[in-house]
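What follows is subunit A paired twice: with subunit B in the first complex and subunit C in the second.
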Partner chain A sequence: MDRRGFLKFAAGGTAGLVASPIIWNTLYDAVYWTQNWGWIPRLKKGAGEYLPAVSKICPSGTGFLVRTVAGTPVRTIGDRNNPVTHGSITSLAASEAELRVSPSRIKKPLLRSADGAYNAIAWAEAEKLLKAKAAAAGKSVAAISGDPTSCTNEVLSAILRAKGSKDFYFMPDEEQPALAAWTSMGGRGRLGYDIENSDCILAAAPVLESWGVVAGNRAAFNRHHPVGAPSTQKLIYAGPVQNNTAAGADLWLPIKPGTETILMLGIAHLLIKAGRNAADFEHGYTPANFKEFADLAAEYTPEKVCAATGVPAQRLEAAAAMLLDAKAPLAIAGSELGSGGGAAPVMAALSINMLLGRIGSKGGVVCLPDHANVVKGAMKYSEIMARPLVSYTQDVASGKKPAPAFLFIHAANPVYALPSDSGMKQTMQKAGFTVAVASFFSETCAEADLVLPATLGMEAFDDVQTPYGSGRITYAFARPVVKPFGEARPAGELYIALAQELDVQLGVKDMPDLLYQHAFALGTPFRQMMEKGTVFTADSAAPLPKMKFNVRSLKAALSAALPGDAPVLAPVVVLGLGTAATSVPPFAAKTVTDYQICGKYSVAQMNGATAASLGVRDGDGLRLTAENGATAEVIVSIFEGVMPSSISLVAGLGHTAFDEFSRGKGTSVVSLTGITREPGTNLPVWGTAGLKAARA
Partner chain B sequence: MSAETKEFKIKWGMVIDIDKCTGCGACMVACQAENNVAPAAVGGNKLRSLNWLTVFRLSNRKPFPDHEVAYLPRPCMQCGKPSCVAVCPVIATDKREEGGIVSQIPPRCIGCRYCMASCPYHARYFNWYDPKWPGDLSQALTPDVSTRMRGVVEKCSFCHHRFMKAQELAVSQGRDPYDLPDGAYITACTEACPNGAITFGDVNNPKHKVHELIKSPYAFRLLERLGTDPQVYYMSKREWVRREGDNYLENEKTGEPLKKLG
Partner chain C sequence: MEERNNTTTPAAAKKCCCCSWGPFVAGLAAALALGWWVLPNLMKVEKQQPIAFSHVEHVKKQGMYCEQCHFVRADGTYSGAPSTAECATCHFTVIGHNPEESRFVNEYVRAGREIKDEWLIYQKQPDNVFFSHAIHLSAAKDVKGPEETAKYCSICHIDVASTDVPPVYRENRLSGYSENTMLMWGCERCHAKHMAAGDTAASNACFTCHK
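Showing the complex of A and B:
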């Protein structure tokens, strides 16, 4: 080819290429395929509905609308017509539609084989095995429930009673120590708080994040703090860390972990000094032992309280002044961890309420009736509450009590949620046969012989009976507004069927019948609740108890050693990290912050002075050694909203089960704590611990 | 940055009361679920995870015990003078629709990330990796917002699909789709906030609550002195929070306009 020919060929070729679609199609494909990925999710189209339901995994029992598309739930949205939560929703309940299909959801019954692996089995086989093991166990049966608001507890406890066992326990929560305090001071029924109608709340508990009916508390906070207008409620928060509740509080009382009782007595001292003597107790009597209490409170001068708790004197006085100025003040105490708290802080808080005349008053402490039982032979709610699970498991682990031949664990993850010296793991190992009925594959499931997939609140009939922290009687149905995921089955129906197989007469034939009988007992229209998802609420008409100060138990509790200047663990709970039974919901994983987790390490927040005393700086590695010998490697983050000598870690991390959103991330706070007994009440308590810290 | 503020008859705006926000994250969860933002196993790593709305913790930077904390949810500011729009070479992002929402069209985006560099609020995110919904999680995708692909930028749209739905509903009921009543269109984060910290509406409409709220002496906007004219307002009675909203020099008063150089 000569030069002219080559040029002709090149020009013709170029013109041909430009005129042809080859270049443009190649460019288009390059753009398309470099921005594409192997699997393209298709959006589901179809008829949409918004169906009222309640959450059974959120401790608030949040009322929400389940948005469905062609029958599949895609969103949960706060239900403004719900009279308990008024449209407020927690980050946990907001992620429930996604949790329903999370990778850790259990789809089929699983049976553990000899080598420890789990094999999927059919429901028929699982039920056969369940019946055989339960029947063979005789009276050596025990059960643990992580859902104290459900009527399924009645069915389970009735089965146990019929077999001759009383070993039915609730997972430790806020209500158990509170009920112990309440009854020891003369209270009857259940303890409630009228947060909605109070104009000044002193809370030694994270009321805006994890204590009580959180969604309801937030709804009340919302109404009392209108945007662009003056607020009508003051919030005083006492705790070692400026957590989410402190962010919404008018006044933060920084105190060392475990010094809530002293703080409350210090405030009581100032109230008595200002003339409050419980004589204005509006219902006609003055507690007989006021003088005895006043003598105790007199010892807790501001100087002594400030030295023991670390609270600045001015703030202590400001808190007392705010309570004195309020028309409807209310004092609340609980635990930062949500479980393992003592009764003494609640006793001290109730004493403040008595001094201020707030027992039975609007916006004060409420006396609620016990949950009504409709199932024949069921154990009383208060009876179950009065017996701590940890006492049982410790006795079984130490051999003081025989291990159960058959152990039922319902909607709970005690292996993760309880400290290592609780004896829970040993109890499961010693038990003849353990069954975990759960929605998500937890650490407890990983120790069980049989794992049964349970439905969520939006997939089955269940109920939410007045949760702890409420100021009114509330009752809501969980209704099956969507199909169960995989082969999950309603736990209530499973237990009723088991009772029928074991010839236990319950007096109810199925879950709708059980719910009907509860609605009937409360005098609320069943059909409306069932068809429209309406929620029953009523003010309590329970007679007011004659209260007395429990000075003896307070004195005993105050004799316990106080935290010194050595580092102390200060846990923080956020519902975005889920509960022990759910772990971190996939869609809430991004709410986890870089001051909670860094890579696979938990982040320890401490103030600058604490860090300086430990010789560490922001971003340094730190090795923590707890009193129980447990160790954790953490990353230091300087945050001035932490008490000196306190090291704050977020709870809800350190899972070894569940899915990639939870497993292998950070440290479990509970693993660093050990169980002690509260002097005076002998209740098992945990939640804080002395720590030794060394640079890692 | 665009030379002039784009004005519309309707201007959707948000007022976030920082004194009411306690940082629970319900808004972030609702945003993700509503807009089909893929979950991330490494959610704690903010450099690798993608959020249309992020809640930041603010500090008054004082030592204990005078330390104070606040939380600041940050969606896209839907600026009146959006610096992202001016730099986009392919008009994948624009501000021209009634309502003043800055649009983002992922299939048109070529991934140059100029918009990310120009956004002073870091409200834009790039899909460095394939979005993944492990296991059966894709069953919970909503039908309203298309999933995005690797290699494109995405951001908050003020739940624009909800605006369209509200307009469609108004038309079907014979009402004016350009005069929606207060509350007829709200974003998913507004709806989810359990504390009621977020108020949403048309800032130009006197019948909407936000119209009055933005006039509050406690209202401010982030980096207001840059002149981006954001449609997201914040409120706080605490001066240190308002100062955190912009780069004030120590001798400058809160709310003082930026002095011109020279």
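Showing the complex of A and C:
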């Protein structure tokens, strides 16, 4: 074939191929082939179910539905049948299906070797080691729990008591200072707030974001604020930053950080001036020291309160008028950080409730019973709450108390969550042997000798007993609706097995038995809770306490120095950024805004006047130096929703452990704070700090 | 300069014409054969289903309905091919004389092996296609009985209801998908037709099928 013939053959061949379907079919096949790339997510096919469960990583134990496909959890959504949340869900609980397979999830027991590296070991070896160390420690054992709503605390505390130790502590939270305030004013049992039935709430706490039963609070807020209809509840929020709670509030009282008590006393003064006094009490008792309290409150005129807090007198009067007009007003106080708050703001808020006759009333302050113990030898909940962890760790660190030979840390990350002067790290270093039982590899795990992988709420039996902030008794089971991840094991079963190994008589044989006994004690059908995931709720029938004003402690707390004109830290907690024990959920990473973190730097929000006084502009770098010497480099963002002289930083960043999504991102707010003692109560407090700022 | 001779005899001209089209026709024929028959067959590998399941036996002889094995679950998901456990509700032991049934009982039911994992799906769509059997079956309320159901399902699927042995599964070597996989134009043609008729609000917009 000559050249011309070959060209003709090629032309014929081309025409033939074009006239055949092979080219088009190959293109189609190539399109389908692109769907085989490994990085494309694969769908799980199979039967789908919506199973009621509870979150054990969300601080208030949010109930939700776990959507499973062929047994694999794919998402968590609100449960409309849940009598606490009514279909609401927190941003943290909403990310639990993804957190279950987070890169920082601990898959196997890990034992630290001499060079500091962690080696995976078998459960049998871990349990043998656990028993040997616990037995050898004698009575020198201590435990820290980050889950105050769980019955596993009973098991752990019973083990400690059986060994002769009282050193069982809860991680600092909102309830500890609140309980101190409540009991100091004559309250009994636990303090509760009937938010659902109140028609006007004064909240010096982020009730719509991180305080109390967040999902329940939001559900109540939604019901009282229907779309296209008048709202049936007023919300007054007092806080230094226009956060999510301020955005939903009818009235925002922007205050300087740490001046909540003064604000409350200013409102109390206006209420007394309007004629509210002990005679208003519905329940027929009069605190003997009303006059003493009235004299104290009288000092806090609107002008004085304005000077101290920054709230204009008219706004203060508007807030008092809203409370006076309401049929069921309620005052709440807490801390912006969720821990480290003082008792004085709660005392002042309770005083307002007393003036308004709201103790024991519908939509007011509720007296809840203590958690019932069913495990033999378990420590009483209120007794544990009354012992601050920080006091213990500071004493151990300073040598006032001996370090424990065996330290148990359950579902907590105190190394990250507590200020550096808490002595937590030193306590772990001094302790003979430390065991961290956790779901995610945290900063605390990185300091522990043995790390044991724990299941999540949707993977094992556990429970949620009435969380702080609730106005009713609530009880929910955590049920295993999906398989445990990796080799994670239920912490409760682990502790019960340890107790049996140590010959500690608990009176329960396993977790279902423990849950059954709790359900029986409450008189709720166990089988229904176990099979259908129903939640028990009941109004409290606890007797009404005879309350009195705690004027002495209030006076002492008010003697503390007020923040001056120097910049003060104003932390903001966003549950979407996780907790100390979870860090930032990968699912929520896309919800983190440029106003919270920019690259690897936290964003410091401040108003224009503060920025001008510091000589910085939007987008500038700023070096913050705290009173404890800690430094942080941040990016400036101008936001007029921050009080003058306040620098707002979002909490939950600045981790040194966990995974690539959290490690080395931003600044830990807690690292900038230092511990002081609240005058009057001597409680360890932190959460705000004076800052020195210079352009970086 | 040499003068060019452009004169040809008629006989030579005829010969040249045949010679000039010959290579073209040969190339065309070879390419057509290649494009229509050789390459398509080379691109595909034939596979057999793990069990020679007879729809004729189950539907026509035993009187079963399609929905007994292929059903929409309460949550809206589609069951697809039945699992070993579902088959075992009848075939927990050998109940007929077909050697394939006996093999199924011994190798799958008794061995606890999942047939669903091995069954080849003729029209499996990629994960980026969101297809709801529940929605599409809701348009078949008036369809009654196995024959009408088979006819309705055959609008998209190959007709397996009248087969005594499963059709050969031909898998594309490049993409890994069956040659019977429905392509996008097949979906679009039907959606366009029913949109025009006002039967559906599901347009041919991308997000109707791709989430």
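One rule holds for everything that comes next: the second predicted complex is superposed on the first by the 656 of 696 C-alpha atoms of A that agree within 3 Å, B and C clash if a C-alpha of one lies under 4 Å from a C-alpha of the other, contacts with A are read in each partner's own complex, and residues count from 1 in each chain.
Methods note: a residue touches a chain if its C-beta (ideal position, glycine included) is under 8 Å from a C-beta of that chain, and two chains touch if they have at least 3 such contacts.
Because the structure is a prediction, the values reported are computed rather than measured.
In the superposed model, A:307 makes contact with neither subunit B nor subunit C. Of the two partner chains placed by the overlay, neither subunit B nor subunit C lies in contact with A:136.
After superposition on the shared chain, subunit A has more residues touched by B, the comparison being subunit B against subunit C.
Contact with both subunit B and subunit C is seen for A:40 once the two complexes are overlaid on the shared chain.
In the superposition on chain A, A:298 makes contact with neither subunit B nor subunit C. In the overlay built on the shared chain, the residue A:6 is in contact with subunit C alone; subunit B does not reach it. Using the contact criterion defined above for the overlaid structures, shared-chain residue A:246 touches subunit B, although it does not reach subunit C. Shared contact residues of subunit A with subunit B and subunit C: 35-36, 40-41, 43, 45-46, 48, 69. The touching residues of subunit A, when paired with subunit C in their complex, are 1, 4-6, 8-17, 19-23, 25-26, 28-30, 32-33, 35-36, 40-43, 45-50, 69. Taken together, the subunit B residues at the contact with subunit A in this complex read 15, 17, 19-26, 28-30, 32-34, 36, 39-41, 43-46, 49, 51, 55, 57, 59, 61-65, 67-71, 110-111, 130-131, 133-143, 146-147, 149-152, 191-192, 194-197, 199, 209, 212-213, 216, 235. Residue ranges of subunit A in contact with subunit B, taken from their complex: 31, 34-38, 40-41, 43-46, 48, 67, 69, 72-75, 77-78, 88-91, 94-95, 97-98, 100-103, 105, 208-209, 215, 218-219, 221-222, 225, 227-228, 242, 244-248, 254, 312, 315, 485, 574-576, 584-599, 607-609, 639-644, 659-661, 665. Subunit C meets subunit A in the complex at residues 19-36, 39-40, 43, 73, 75-77, 79-80, 126-128, 172, 174-177, 181, 183.
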